[in-house]
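Both complexes below contain subunit A, partnered by subunit B and then by subunit C.
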Partner chain A sequence: MADSGVTDGSGRNEIERAKSEGKELTKEEKQRLRKEKKQQKKTKERKDDKASQESEKEKKPLTSAAPVSQPPTQTAIQKAPSAVPVPAPVSVPASEAPAPADKPAKSKAELKAERRARQEAERASKQGKKGETGQQAATGKPKAPPNDLQPVVKRLPEHIQVDNPDVLKKLAKKLERQQIPLRSDYGYKVSLFSHLHQYSRKAPLTQQLSIPSTVIHPAIVRLGLQYSQGIVAGSNARSVALLHAFIQVIRDYTTPPNEELSRDLVNKLKPYISFLNQCRPLSASMGNAIKYIKKEISNIPSQCKEEEAKSKLLNCIECYINEKIILAAKAIAKSSIEKISDGDVILVYGCSSLVNHILCEAFEKNRKFRVIVVDSRPRLEGREALRRLVQRGISCTYVLISAVSYILPEVSKVFLGAHALLANGYVMSRVGTSQIALVAKAFNVPVLVCCETYKFCERVQTDSFVSNELDDPDDLIVTRKGKTQLENWQQVPSLGLLNLVYDVTPPDFVDLVITDLGMIPCTSVPVVLRVKNVDQ
Partner chain B sequence: MELQAVLMAAGGGSRMTDLTYNTPKPLLPVGNKPLMWYPLNLLERVGFEEVIVITTKEVQKMMSTDPKMKMDVKMKLDVVCIQEDGDMGTADALRHIQQKIKTDILVVSCDLITDVALHEVVDLFRAHNATMAMLMSKAHEFTETVPGQKGKKKTAEQRDFVGVDQSGKRLLFMANEADLEDGLTVRKSIMRKHPRMHIKTGLVDAHLYCLKKAVVDFLTENKSISSIRGELVPYLVRKQFSKTNNHQKMKDDTDDQTQKKNDGSTNNELLISSRDEPLLQLTQDRSCWNDHRGDMSEAYHGGKLRCYVHIMDQGLCYRVNTLAAYIEANRLAPKLFEEPAVHSSAVISERCQMGSDSIIGALCQIADKTSIKRSTVGNSTTIKEKVKVTNSIIMHGVTIEEGCNLQGSVICSNAVIGRGADLKYCLVGYGQRIEPEAERTNEVIVGTDQLMEI
Partner chain C sequence: MPGPYKETDLTERVEAFLSDLKRGGSGMGPLRGSAETARETTALLRRITAQARWSSAGDLMEIIRKEGRRMTAAQPSETTVGNMVRRVLKMIREEYARSRGSSEEADQQESLHKLLTSGGLSEENFRQHLPALKTHLIEAINELLTELEGTTDNIAMQALEHIHSNEVIMTIGRSRTVEAFLKDAARKRKFHVIVAECAPFCQGHEMATSLSEAGIETTVIADAAIFAVMSRVNKVIIGTQTVLANGGLRAVNGTHTLALAAKHHSTPLIVCAPMFKLSPQFPNEEDTFHKFVSPQEVLPFTEGEILSKVNVHCPVFDYVPPELITLFISNIGGHAPSYIYRLMSELYHPDDHEL
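And then the complex of A and B:
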């Protein structure tokens, strides 16, 4: 500890001298500066933690097991005691991520061995502690069992750990640092879903922001409002709106002095993304779009001038929208039209922009078919789909989802849209889609899912409970003939209103997935993902 | 930057000339604070850091000497002076400061006292990408007796007819009774798009508008519009449903714009399109949201010009432009803020009976055996013994001699009330002297030179 401090000090002096001489810091020096700052922050954090957790018994076996203090091990020690409710192996390997890339002192194998030894020690102490700590029964949360063979386990995202007070505290701290207000949950949550956020539309996040918003770019505030009020809804629309807002942010961006655009712009975008997440949880398509932009920004060479870099980024975004959304829709329409024959009766559910596009194109190409639009409360999106199809001249029938088994004998094909396609072949879509697929399977009606490749997601999910979105429960309240029965639902102690947004359909119910890469079976999704990653 | 705030403080107070004879309207004391302090405080509370104040030279001079303004207002005030006697309407004033306006604006009038959650209005403006968003409130009946009013209060105010859609947010129709000769005409184009419209009459326009920058640019082209409230707002509301607007397809923005400039007859078109219009259109196409249902049109009926209104049904919202409103505001405005009723520098003797809802200003001197109930007493006022003040508003620098009895009256600054006077529901003008043992009821006492002013 002492010697690293000395080297830090000498290194710092060098850099300070360079700065004072007015020389431009070279890339290596900048990297070194950054590393030192990180180390200093970590030592400071460790000191704070140590002071507050002197009494913890767990510290003793861990500190004895740590021979030399290296940054990865430092973070491991400080993370482990603070993560009592969350299993240690989950948090410890996650801390490997922030470790600096180049560590010449120890080789990777040695570090791995150390880590494993420490994990064994922790687990041993944990067994002893388990009886004492009264853990609250985690409600239906599938935790990854401690795996000896794989030290790298993905961390659980915070948005599905809402009933964990530590995670909430961490989130609050992060938002405070980014100067973004925290949105509080609303109403009683059904116990099976108490690990998810539930917000009220009547309490927008803008209540806590200053009116000419200075911390967050106005385009992002507008976007967040449009998300939370449902004005921009639907996976494609949300992604396009997000990219449009990013275009405006990039246009208004100026690099502060002594900073690089490639790093500073990414840091600027982080609070915006947290803000949008608070307004409405991000969709898989938005997540992929954000990943793409961040990668493009980081790949900007440092000697690129600001104007050039900005125009390059704007170009990239335009290309992305063009390729992945507009042209993909055209390609999918082209392949789907082959699947639509004359005399077909097609069933669609809700309002999927892609499916509507396909049907309109097929109608233009003079295919003779009719459509049955299935709709469900509380969103009643089917009405919008109905309007768009009827406006084109397609003959449609409209039913509610409760009548789907009545109408299915007439149907020859089912076209469904998707919010995301998961890596194990499950289709995540609007709640009710899995029901339609199930009933269609029972009637032996082919189910075709249309989905662009940019919505493919590396997540794996087998049920709709783990990760979902809870919408405003007040949407379920309806006034009929002047009477609102559910007006005072909060006063009834045994009543809970649940407004789910998504559900997952297993691949056994889906016969074909039509993507811009062609028509693939549901189980080929991981192949597509692999190919995409290799491309990038 | 998202919004620029503009405070209109050049108005003359034409409906309460007795009060504004010597003190310009923005600086009339309400609850011992100058009237323009209230909208400035509202803007400061929600987070504005700069305000453009349009006012006259006189007001600017008085503003710089007023202690309340100097201490409490922490925002940067960019004061723009205009001629006082010039016939400058609010829209003319906006045209005057057109150079300073770089982004969308929030126009507030200096006589607005409200505790509205401003984000409600601004959220409508942001979320729907509206051209205009305004604030209105349910009107409250004024219960206090107004001095100088003979007989029952006649509704001298012309009614406003405001039409909103089902959700109560979209503004469809706005007309003032004065402009309607034969009756209320509603265009068929509105009825076709919004078959159910709610028309409300009992609303007070708070004169708080969020306007897009394109509107300010439009005003510079069209010099015929001089008032925001009277002309611009009804024009915008009407334009929502005009045919040309709906069929505006901005395929080639620059081409269209240059063409419009050359074509002299159409240079007063309001051009609202952004740089990324195709992207916005794509978003709207792919989104499964519609603001209305029942007909075949897309969201917003494809119109680009949209006007929204937020109607407050709870909370305070007053426009102090008449004497009745002024008295009401004095009664209620102090409740907005948690400030001590009695200023620390006031000298009040122990045998004074003071009600809990009275406000005493700085440097006052209140002698024994006085009773002050439900009243506002301004700064540097002297009240001698055995005076009874009920339900009154006393401005700054007034001297009230012994034994007076004031009820429901308004005493302007620097007036002197002689001993033993008995005033009921009177308005005493600036610097007036009431002779001792006078008994006046329901009178407006002003100087002869004031009477000559028209």
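And then the complex of A and C:
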């Protein structure tokens, strides 16, 4: 007699046997049942909302370990102490049944009916609650079978729940298990963003690792350091670096004696991913790449030999990089060049590898245009783009983002890169992109976003607060004319610095998205995602 | 006889003021706020009135106009100088008319009715010598000076009418008027201020430190994050360098973006500007509107190899059209941008728009 597949197998078998034989449950079995139910209840109730439990408690008087005289509908049921006085077996079944029945024999039938009713109610309410609570107990509940319009069971990612101490405790425990150091937050966080992590660049995670690190592959350690110091930046660069690191990991991997490659390799990758996440939160493109790799690994048939499996995986990864990144860039450049005409003045923001590629290709095809590079503090990535374009011989102008309304009357087109495209059509990109799109719209200049399809993501977001990344706040400090105004910002209690990394651009500011599947409007992103899912 | 002495003393002072203006505008000399400039200009004009040799109002107006042209030429972007000169000219006209006894309180604007009924040109040439004019004028200029002293306080006194508790207010760069405004409100209310740093000069940092020392919860953001955080902002309060004749602004660069973002989120944009910033200029004069400083602020010389191949711009001001502005708060109260032309006609005479 189990709640939907939660109790341990052995107990269930015995009890089912008892049920099928029509025998009365023995005292021990009943006690065991009760204990199991109590444990489940406790784990569930610790996380679920109290209010939503009210209705259920009426149907679960089993958990009332407290004195028998308790009426069934009590909030006190939740606070039932774990140490249940075991010698109350006779009275407890009596309190279960609404009809006071002393003889266990009589209550058995009623118990059965009750339990069935309770199960149905629990199942129904659980389906409903799955959407509300973010804390899913790791109890292995079976996922709903994938239908076309089945509500997806989504777990809220940890990195946007930093203000919830339970989540932090869970994360700490998980990292301890995987033997990865926990990175501590730095500095005063603006209250609007207290749900996000804020790290300092001066304290990289790798300093807390022991040398040599036995848990984490050295290629991954190096990658993590490169991420956290900003040496590898930009979503394409980060994804490619990640995939190359994984190639290294797979090459050096050997299957331990009693394990299967498909399961063990995935488990080996998990601590690496946690480590990289700690160094710098994963980008959407990296997330998609990791999903792809995990799928490929788990699809490896068990009779495949190790060498064969490894070469197959390496091949897959190389293919992925080639198709999704390199060839996609070529396809996008080809379609974008049609959009660039002679005499154009093109505005670009920051350093997007894809947009730079497009401009260089267009210049080689002898299009006559000039480029205006807009840059912003504190990252000043536009200088890198400026260097690359000037090297090719393209004539460039350089301004800061505050001068964009001065320079926009000269501009004929705006090309922007994207970090991810969200399922509701919003473009997630470097902070400042939405501003440029806004001002361009005010001046009636067309805005074109260039993005590969592997960056499309199923998340939805409407503002830049709920999910973002906070960079080191000390980056905003600047020394001008010998004076550093914000030097002691930590000492001043009411002063905070905010260094956002991403922002979202609403789709009405964007005129066209150029992808490797063609030129689509912003609102067609969920269509592309659906087509991709069906293909896979 | 202290006559010639006075004159050389006067010319010395004027020269000193002009060189100050020239230096201050290039960012090298001591940075002074517009209020200070206005006060110094008015004090100088008072001195000119007192010490220069003139016999009739027309002479004085000529002298002041000449000096005014020199002063505005020294630093065209510093419009408060020209505004003060025009105020004084208007005062001279008024005093003259009052002393003459004619009831010129009526609208001085040209109207068809006036043209036809007055029968021929009633041009004033201000040649009549009026003995008490000098003392009256100096009194009037003193009044103007006291008005100037009190502008910031007058504006700050209105703060509690516009700011309520638990608001999030956004501002950009550094404006002494807005600083006083917010500090006054912070004495009674608790609210949060977000300051956009306004690169490349980063004056927002100074503003933030000053506000946080007064106990106001302040956050500094980069310019690029203005649109990202705008959805949580209740009001945008900014200062400006000049208020133009059509109700638009000439403000520090980045303000236009801020105004567009506020309009997109339907957040009210409030401009704290004292009356002496009102200027009869229009924004159409493209070549005189913008002011540029050394692009070294934007792309420093350390980026050597690419410097010669790239055009770098560093504009100082931005034009904000009047449709994006909700309210002007000045020392005489609050106005809508559509009312600015009327205020201007009270402060300046149309003949003085061109010095």
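The working rule: the second predicted complex is superposed on the first by the 381 of 536 C-alpha atoms of A that agree within 3 Å, B and C clash if a C-alpha of one lies under 4 Å from a C-alpha of the other, contacts with A are read in each partner's own complex, and residues count from 1 in each chain.
Keep this in mind: contacts are C-beta pairs under 8 Å (C-beta built on N, C-alpha and C of every residue); 3 or more make two chains touch, one makes a residue touch a chain.
A quick note: this is a predicted structure, and the numbers were derived from the prediction, not measured.
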{"item": "Touched partner set for A:Ile247, first subunit B, second subunit C, both or neither", "value": "first"}
{"item": "Touching partner for A:Ser402 - first (subunit B), second (subunit C), both, neither", "value": "second"}
{"item": "Contacts of A:Arg387 with subunit B and subunit C, given as first, second, both or neither", "value": "both"}
{"item": "Partner chain(s) touched by A:Ser353 [first = subunit B, second = subunit C, both, neither]", "value": "first"}
{"item": "Contacts of A:Asp474 with subunit B and subunit C, given as first, second, both or neither", "value": "neither"}
{"item": "First, second, both or neither for A:Leu225, with subunit B first and subunit C second", "value": "first"}
{"item": "First (subunit B), second (subunit C), both or neither touched by A:Glu114", "value": "neither"}
{"item": "Those residues of subunit A which subunit B touches in one complex and subunit C touches in the other", "value": "383, 387, 390"}
{"item": "Of subunit A, residues touching subunit C in the complex", "value": "190, 192, 376-378, 383, 386-387, 390, 395-407, 430-432, 434-435, 438-439, 442, 463-465, 476, 478, 480, 485-486, 489, 492-500, 503-504"}
{"item": "In the complex, subunit C residues that touch subunit A", "value": "197-202, 205-206, 208-209, 212-213, 215-229, 231-232, 253-254, 256-257, 260-261, 264, 290, 298-299, 303, 306, 309-315, 318-319"}
{"item": "Residue numbers on subunit A that touch subunit B, as the complex places them", "value": "204, 206-207, 209-214, 218, 221-222, 225-226, 229-234, 236-237, 240-241, 243-244, 247-248, 321, 325-326, 350-351, 353, 381, 383-385, 387, 390-391"}
{"item": "Subunit A-facing residues of subunit B, complex", "value": "1-5, 46-49, 106, 117-119, 122-123, 126-129, 276, 279-280, 282-290, 293, 296"}
